[in-house]
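Two complexes are shown next, each including chain A; its partner changes from chain B in the first to chain C in the second.
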Partner chain A sequence: MMIDYQHLMTYFNESPIYIQVAWGTSLILAIAIVCLSVYLKVLRFHLRKKEIENKLLKSEYEALIIEYLYTEDELGDGHTFKESVIEQLQSAILIESKRKLIISILYNLTYEVSGELSDTIKTLYIKAGFVAHALKRLESKHWYIIAKGIGELSHFRIDNVYNNVSKFLDHPRLEVRKETELYLVELFKFKGLSFLNTLTDTLSEWMQLRLLETLQKFDDQQICDINPWLKSQNESVILFAIKLAQIYNQFEVQNTLTELLSHPKKQVRIAAIQALTHLYGIEAKEMLKANFNDLSLEEQICFFGMLEKLVMPSDEPFVEKYLFHKNFDIQLLALKILKSINIEKYMGLSKTTTNEKDSSMIELVNTI
Partner chain B sequence: MDKKRIVLAEDNNTLSLLLKFRLEKEGYELFMAKDGKEAITLIEASNPDLIITDIMMPFISGLEVISHIRIALDKDTPIIVFSSAGQEEMVLKAFSLGANDFMGKPFSPNELMIRIKRILN
Partner chain C sequence: MDTSTVKIILQILHYIFFTYAFLAISSYIVLSIISGKETLNYFKKKSFVNYKDILSSTLSPSITIIAPAYNESLNIVENVRSLLSNHYVNYSVIIVNDGSKDDSLERLIKAYNLEKINYIVNEKIKTKPLRAGVFKSKNPAFERLMVVDKENGGKADALNMGLNISKSKYVACIDVDCLLVEDALLKMIKPFLDETETKVIAAGGVIRIANSCVIKDGKLLDINLPKNLLVQSQILEYLRAFLLGRMAWSKLNGLLVISGAFGILDKNIAIAVGGYDTNTVGEDMEIIVRMRRYMEERNEKYRVSYIPDPLCWTEAPDSYKIFISQRNRWTRGTIETLKKHRKVAFNPKYGTFGLISYPYWLIFERLGPIIEVVGLLYFTILIVLKEVKWEYALSFLVLSYIFSVLFSIVAIYSEELTFHQYKKKGAGVKLILLSALEPFILHPFVLYAAVRGNFDYFFKKKKSWGNMVRKGLTTN
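Let's look at the complex of A and B:
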C-alpha cells in the first residue's frame, strides 16, 4: 500500500503542471460532491422531520380550532374551554411557523364555511391576537408583506383598522394600493369607493371587475351618489362610474351621462351611449340623432344600437337614410329597425333593391 | 336505535374534521374518505344511509362517485353534492347523474344539518 502511495506521489510530482492541476481540480470537486451529498441528505432529513412535525401540529390545531367553534361548555373552575383555546393560540402565534400554520387553517375554513361559523372564526382571529400581528406587517419595509397584511385584514373582515390601512392608498407600489382599495370596498361597501374621489392611477379593467364583483356580494345594494366620479378627471374612474350607473340602474345620473357625450375621449362617449341606452335616455337619443354626422364611426354604430332599443315611429325618416349605408353594422341595424317599425316598407325594399349586396343584407335580416 | 351512517367524501381535511365533529355530535356515524376512490370502497363496505361528496376530488371525481353508486351499484342512497363557485355545470351534471341535493361552498354547516335531517327523516 505504501509503495502504491509513493508510486502515485512520484507519478503526480513528475507529471506536467496541467496534469497536476487537473488532478487537483478533480480532487476538490470530488470532496465538494461528497460534502454536498452529505449536506443534502441532512437537509432532506430535517425537511422531512419538519414536515411531519407540521402535519402533527396542523392536525392538533385543527382539532383545537374545530372544537372551539362548536363548544360552549364551561370547565369546573369557571375557566371556559374557549378561553383556554385562545390562551393556547395566543402563545402559539408568538412563533412564526405556528402562526402561519394557524392562519392557514383559519383561511381554509373561511373558504369552506359561511354563516354563524364564519363569524366565530373572525372572533377567534381577533381574540387570539392575529390583528396585532397583521398590523405589525403593515409596518414592514417590504411592500409584499404590507400587501399580505392588508389582504389578511380584509379576508377576516377587520373593519376597525380603517386608519391603519387607508394610509396605503398613496403607497408607491401598485400592489399595495390595489389591496388597500379592495380592503375598503370589501369592508365598507359603496362608502369604501370614496378613494375614487382622489384616484390618479388608472383603474384597470381587471380591478374594475374585482370591485364590481365585491360590490355585488352585498345584500344592501343602496348605492351612493356617483355624479362626482362621472365628472372625474380620471378617465378610468369615469368608465367605472358609467358601469356602476348601468349595473345599478342610476336613472338620476342621466343628465351627467348626457354631458359625457361630448367628452374628449371616444371610449367615454361610447360607454355613455351604451349606459344611456340601458337607462332609456330618450333625450340623449334625440341629441345624438341631431349630431349623427359629427360622430365617429364607432359612436354611430353604438347609436344605432341605442336606436334599436329606443326606436319610435318618428325615427323612421332618419333610419331610412341609412338603409344602404356602406358600413355593415349600420346597414344591418337600420334594416332591422325598419323591419320592427314598418314591416310593409321593409318588405317593399326587396322588390325595389337591385344592388346584390343590399339584397343579400335584406335576405340576412329576413332570417333574424 | 341504530345510528344513521353517512359517508363523507371530501379532500379538504379541515372541512372533513369540522363536519365529522358536527355530525357525530348530532348522533350520526361518519365514514370519511379523502378522495373518490376511498369513497367508493367505503360506500361498498358500509352501505350508508346518506352520501355527501365534493365534486372535485383526486383520483375519482364526485361525478364518477355518483355515477358508480347509481349505475354500477344500482343504489338509490341519497346524495348531497358540495360545489364551489364556477362549478354550476358540474352541479347540473351531478343532478342528471342522480344527486339529490347540492350545497355551494362556502356553506353554513347549520343549513347542511337541516338538509341532512330532511333527507334522512
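Let's look at the complex of A and C:
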C-alpha cells in the first residue's frame, strides 16, 4: 500500500504542471462531492424531521388557538383556559421556529375570520408577547427582517408602536419604505395616505394594489380630499388617485380629472378618460369629442368606450363618421352605439354596404 | 506539410478545444454563483410578501390563459378543469382547438355545456380561419372559459389566435397538458406590477416534471421521483438549468427564452411584434428574442423576468425516441431563431442582449454540440494516429466528469435549500447516484438529438414538430 502511494506521489510529482493541476482539482472536487453528498443526506434528514415536527406542532397549536378564539371570556379570578393558552404561547415563542409557526397560524386565521374574532386574534398576538419580537426585528441590520417586522405589525394592526415604525419612512431600501407606508394606511386608513403628498418614489402597480386592498378592508369608507394627489408631480401618485376617484365614486373631482385629459403622459390621459366614464363626465365627453382627431389611437378607443356608456341622441352625427373606421374596436363600438340610439338607421346600414368585413360586423352587432 | 507544421496545427487545435471547455466551465460556475445570489435575494424579498392580500383582489390586472390543443381528447376535459381551478380572481381561459382530428371539441362541448356564440375575430395577427367557431359555456360556473375551434395552423398559429381574441393586458401562454399550481398566475404577474423604472415584457417560471406525481382534480397532491431513469435524468437536467442558469440570466437581463410550457407576455408588445412566428419550431424562444429586439430598437427600458418558484408541472418524455424528437425540435428552434436574428450578434446597439446573451447562446448552446462532436472525431483520429497523450487525456476526462457530477449535486443542494420538492426518503440518494450516471444515460442522447437537429435543419429542412406522445399525468 505504502509502495503504491509512493508510486502515485512520484508519478504526480514528475507529471507536467497541467496534469498536476487537473488531478489536484479533480481530487478537491471529489472531496467536495463526498462532503456535499453527506451533508445533503443530513440536510434532507433534518428537513424531513423538521417538517414532521412542524406538522404535529401546527395541528396542536392550531387547535389550541381555535379553541381560544371560540371560548367565551371566563369570569372569576381563577386560572382560566384563555390565560393558560397565553402562557403556553408565551413560552413557545421563545423558540424561533415555534414563533414562526404560531405566527403563520395566526396569519392564516386572520384570512378565515372577521369581526370580533379578528380582534381576538389581535389581542392574543399582543398578550402572547409577539409585539416585542416584531419590534426586535425592527432593530435588525438586515433590511428584509425589518420589512418583515413592519409587515407583521401592520397585519395585526398594532398601533401603539407608531413611533418605532414611522422612522422607516426614510429607510434607504424601497421595500422597507413601502412596508412602512402600508403600516400607516393600515393604522390611519385614508389619513395614512398622507405620505403621497411628498412621495418621490414611483408607486408600483403592485403597491397600488396592496394599498387599495388595505383601504377596502375598512368599514369606514369616508375618503379624504384627493385633489392634491391628482395634481401631483409624481405620475404614479396621479394614477393611484385616479383609481381612488373611480373606486370611491369621487364625483367632486371631475374638474380635476378633466384637466388631466391634457396631461403630457398618455397613460394618465387614458386613466382619466376611464375614470370620467365611470363618473359620468358629460362635459369631458364633449371636450374629447371636439378634440377627437388629436387623440392617440388608444385614447380614441377609450373615448368610444366612454361614448358607449354616456351616449345621447345628439352624438349620432359624430358616431356616423366612424361606422366604417379601419380600427376594429372603434368600428365595433361605433356600430353598437348607433344601434342603441337609432336602430332604424342601423338596420339600413346592411343595405348600403358592399364590403364583406363591414357586413359581417353589422351582422355581428345585430346579434348582440 | 512537414511534421513540425502538423504538430503546430495539432497544438493550436488542442488550445482551441481547451479554451472552449475552460470558458464553458467557467461560465457555468459564474452563472451558478449569480443564480445563487439572485435566488437568495428573491427569497429575502419574498419573505415579507403576503400574496393572500392580493389573491382575491378584483382590482388585479386581467390575465388570459391561452392553451393550444391538438388531438388532446384523452385528457382535455381534465386539463381544462385544472386550468379553471387557479386561485387568481381576474383571469380567463381560451382553449384553441387547432384543427384537431379527434373528438376534443365534442368532449369539451359536452363536459362544459358549451354553445356557439357569434364572434368576429379582430385579426391583429394573421391566422388560419375559424372552423366550428367560438364557444362559451351556458353554465355560469365556467364563465371564464372560451373554446375556439380553428383550422390547423400549428402551435404558434393557435397562440396567435388566442392573442387576437384575448381582452386582457397580459397573456399566459401554456401547454394545455401542463398543471399550474394554484397561485401560479399571481406569482408570475408580480414582476410585471413590481417594476417601476423598466417595463417587464415577459416572465417565466420553473418548469417541473410531473411524471409519477399524483394529481387529482387538477391539483398536485403528491410529488414522486419517477422510476424511469430517462425521466429522472431530465429532472436533474431541469434542476440544473432552472436553478443554476436561468436565475442568473434573469439578473443579467439576458433571458432569451421563456419556456413554451408556461410564460406570461405583455399582450400589446407581443402583438406589436407580430405575434408568434409560424415558420419556426422554436416559437417560444423566437418571440422573446423578437420582443427584446423591438424594445432595444425603441430604446425602451425593459426586462424579461424569471421567478424560481415551481409553478408549472409537465409531462416529460419517457422514451428515448420521443426525447430525441423533442430535443431535435429544440435544436432546430434555436438554430432558426439565432439565424433569423443574427443582426443582434455582437452588436453593441443591443447592449447586454447583443454582447452577452446572444453570443453565449450562439457559442455555448448553438455551437456546443457541434464542437463536442468535432472534438470526439478529432480524438478518434488522434487515437488512430497514436497521437493521444493519455496522461493528459485521462486527467482532463476525469476532471470534466467530476465537475459535471459536482455541478449536478450543487443543483440538488440548491433545490433542497429552496423548494425541497422531492421529500420522500431515498429520493436524495437516488438523485446523487443519478448525478454520477447522468453523463452516460442522458448526455449522449442530448448530443445525438442536437446533431440530428442540425442535420435535419440543414439537409432535410424538417419543419414539423415531431410527435410528442403524451400518456397524461397520473390521476388518483
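Everything below uses one rule, namely that the second predicted complex is superposed on the first by the 233 of 368 C-alpha atoms of A that agree within 3 Å, B and C clash if a C-alpha of one lies under 4 Å from a C-alpha of the other, contacts with A are read in each partner's own complex, and residues count from 1 in each chain.
One rule holds in what follows: contacts are C-beta pairs under 8 Å (C-beta built on N, C-alpha and C of every residue); 3 or more make two chains touch, one makes a residue touch a chain.
Predicted, not measured: the structure shown is a model, and the values here were computed from it.
In the superposed pair of complexes, A:Tyr144 makes contact with chain C only, with no contact to chain B.
Of the two partner chains placed around the shared chain by superposition, chain B is the only one that A:Leu69 touches, whereas chain C remains out of contact. Looking at the shared chain after the overlay, A:Ala30 reaches chain C, while chain B stays out of its contact range. Once the two complexes are laid over each other on the shared chain, residue contacts for A:Asn54 go to neither chain B nor chain C. Between chain B and chain C, the partner in contact with more residues of chain A is C.
When the shared chain is aligned, chain B comes close enough to touch A:Ile105, but chain C does not. In the superposed pair of complexes, A:Asn164 makes contact with neither chain B nor chain C.
Once the two complexes are laid over each other on the shared chain, residue contacts for A:Val113 go to chain B alone; chain C is not touched. Within chain A, the residues touched by chain B in the first complex and by chain C in the second are 111.
Against chain B, in their complex, chain A makes its touches with residues 59, 62-63, 66-67, 69-70, 105, 108-118.
Touching chain A in their complex are the following residues of chain C: 44-45, 47-48, 50, 52-54, 57, 59-61, 118-120, 122, 124, 190, 192-197, 391-392, 395-396, 398-399, 402-403, 405-406, 409-410, 412-413, 416-417, 420, 423, 425, 427-429, 432.
Contact residues of chain B toward chain A in the complex are 12-15, 17-18, 21-22, 25, 105-111. The residues of chain A lying in touch with chain C in their complex are 15-16, 18-19, 22-23, 25-26, 29-30, 32-33, 36-37, 39-41, 43-44, 47-48, 51, 107, 111, 142, 144, 147-148, 150-151, 155, 175, 179, 201-206, 209-210, 212-214, 236, 243, 247, 328-329, 332, 360-361, 364, 367-368.
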